[in-house]
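Working notes, beginning with the structure itself.
Each chain gets a letter, A, B and C, in the order it is written, and its residues are counted from 1.
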Amino acid sequence: MRHSGDLPQAAAGLVGQLQARGPRIHCITNTVAQAYTANMLLAAGCVPSMTLSAEEIGGFVARADALLVNLGTFDLERREATGIAVAAAAEAGRPWVLDPVFVDRSASRAAFARTLVGRGPAVLRLNHAEFQALAGCEPTRAAAQDYARAHRLVVALSGATDLVTDGGRVATIANGHALMAKVTAMGCAGSALTAACLAVCDDAFEASAAALIALGIAGEIAAETAAGPGSFAIAIIDALAALDAPTVVARAKVSP
Amino acid sequence: MRHSGDLPQAAAGLVGQLQARGPRIHCITNTVAQAYTANMLLAAGCVPSMTLSAEEIGGFVARADALLVNLGTFDLERREATGIAVAAAAEAGRPWVLDPVFVDRSASRAAFARTLVGRGPAVLRLNHAEFQALAGCEPTRAAAQDYARAHRLVVALSGATDLVTDGGRVATIANGHALMAKVTAMGCAGSALTAACLAVCDDAFEASAAALIALGIAGEIAAETAAGPGSFAIAIIDALAALDAPTVVARAKVSP
Amino acid sequence: MRHSGDLPQAAAGLVGQLQARGPRIHCITNTVAQAYTANMLLAAGCVPSMTLSAEEIGGFVARADALLVNLGTFDLERREATGIAVAAAAEAGRPWVLDPVFVDRSASRAAFARTLVGRGPAVLRLNHAEFQALAGCEPTRAAAQDYARAHRLVVALSGATDLVTDGGRVATIANGHALMAKVTAMGCAGSALTAACLAVCDDAFEASAAALIALGIAGEIAAETAAGPGSFAIAIIDALAALDAPTVVARAKVSP
């Protein structure tokens, strides 16, 4: 078990492994986020797939290396697809990430997300408002740890500083840039990258931290040249594709 | 009531208010346009949401500050969502924009759009062919005024020169660039920006003109550096995010 | 009937005709690819439409100049829309392209694709794994020719080198760049461009080769300035919009 001091090295290693191994990531994600998520995964070295068809999603998930379940658009087809995909992931032993987008805005979505939490995601990736809606309390460090322990998953809480915990270990990550909040689907892309890291790393705590470190650093690099949120959204894809181990180690801002 | 001579100042003010107040805009829009529309709204300072789920769209609309209804892809789920959303907007007193995309190509879509016109949109934003399909006559200045008066809404007619009228007042706006017609969802983004301006301005005539002025100026600025329609689509987002009041006042081309 | 030596000239001519005539291309494509496909078609001079509504897709196809059927996301609505669209294309005499995305990953999708092959597409555009899944054999030159002859269509097989055949004639095209595989929907955009060329050229072999030559050259030009897959995806749209006949003739790499 690594401590947070090792996380930059771990992140650097995982970024390289994604490019070397090209894992398949199946994504149930909203139509707003699909193209951007796919391009981010391709930039990281992965092979994304996105089908929602009830007939075939089980097969796609079984042959993928990890699964993303994003609740961004909450239609019936996606809910049915999610049930099948999560069952297929469990049967095939594939790790999955739950991103409960906007559960703070919709009670029915929050109820659905709570059911999914009980079906064994490796990582729950969400923002402060979403945590509060799901957990029923402020997203403090202790509350995140309690939730992670109670539900046997990693909580990856995004914000000005990200917090990742498996209940025992905690890492706070200070990488990233304010422009990341001005690009739609950036959070979704972060969750997809978390699924990608899970595909090449058995330690969900390490995988979650690595994904947030890598995306945050790519955001910082992109912001150095971007003229606004439009060019930033493009530059962060370029930066992620070019990210190498020394850069990750040099720029990671991780604390326990 | 302002006259067209005041519109550049009004537009400058509204652009600033969007960035300062960050209104929530719920968008029923086609899957082609969703991501680009969301990024344009984020660049303007707004918080977009896009869900279509029948269970939750009413709640999203009630908590939003304005609604966009775009008919770009005309599936059953979107039509059902539209009915619920428009009812929720009426109940909560939220203004909404109707963008009857491609009604000139489909009789069933035109019939659906006519029903929606009767349900109280603040603004009808459309191009010449779409106006002709809905109104049954050429989109002259007088026809647009008549239609606006008869249906108690603002007509925002896009073209080489845009025309905005509430039946009484008329403004023509000569901002914009030919490359705007070479980017998919640019019209949809303009309608979304109109909804955004409605969220911070009670005068739908002024809000509509402001949105078209702002987007047109952003397009002109983007065209100064773009190498083609791909880089233009990105640069206009950057330009919109950076747009300030003096630039709007200096560059607005508005006539009565 | 032209030979492969004439194809660069033919491609140069078709690129110009798209810009001059602006054909309407109706696209049944997955939500991941819709926006990028539409922007690529706009850049090439075409007018894209994307509706899937059962009520209106027949009318859209009948008034379009060519149809694209892409199986990228395989939901029920798209399958129903496909049946109607293909019937409308047959009745109106419109040529269409079938892009059987990911048939190698899903037996039900492959079965659906085989049915569609029997309904008369002018072109079948696919990669090596997809060919193998459909045809049941390795995608050799001879196998592609046999398949094209047996099913009376053009096979356009993408890969490091593209191969196009109508059963008799064969062209191999060596244009393109490795970054094209790092952008989602690039293959879908290539299929859409093939449909566009079919709209202005009765010879499906020539149209298919022209589309792959044009997109490949645009990719090479984009790669000269791109900093990674994000900026490449944008630059290739700019390059396609700016592509002129002398560039096509000078850069085409076609062999029999």
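The criterion applied here is as follows: a residue touches a chain if its C-beta (ideal position, glycine included) is under 8 Å from a C-beta of that chain, and two chains touch if they have at least 3 such contacts.
The shown structure was predicted, so the numbers you read here are calculated from the model rather than taken from an experiment.
Between chain A and chain B, two chains of identical sequence, the interface residue sets overlap only in part, with shared numbers making up under half of the total.
Per the C-alpha superposition, chain B sits rotated 120 degrees relative to chain C, a value rounded to a multiple of 5. Note: centroid distance chain A to chain B, computed from Cα atoms, is 33 Å.
Touching of two or more other chains is recorded for residues 31, 35, 233-234 of chain A. Within the complex formed with chain A, the chain C residues making contact are 30-33, 35-36, 72-76, 102, 105-109, 182-185, 226-231, 233-234. Listing the residues of chain A that touch chain C in their complex gives 31, 34-35, 38-39, 42-43, 48-53, 55-56, 59-60, 63, 77, 233-239, 241-242.
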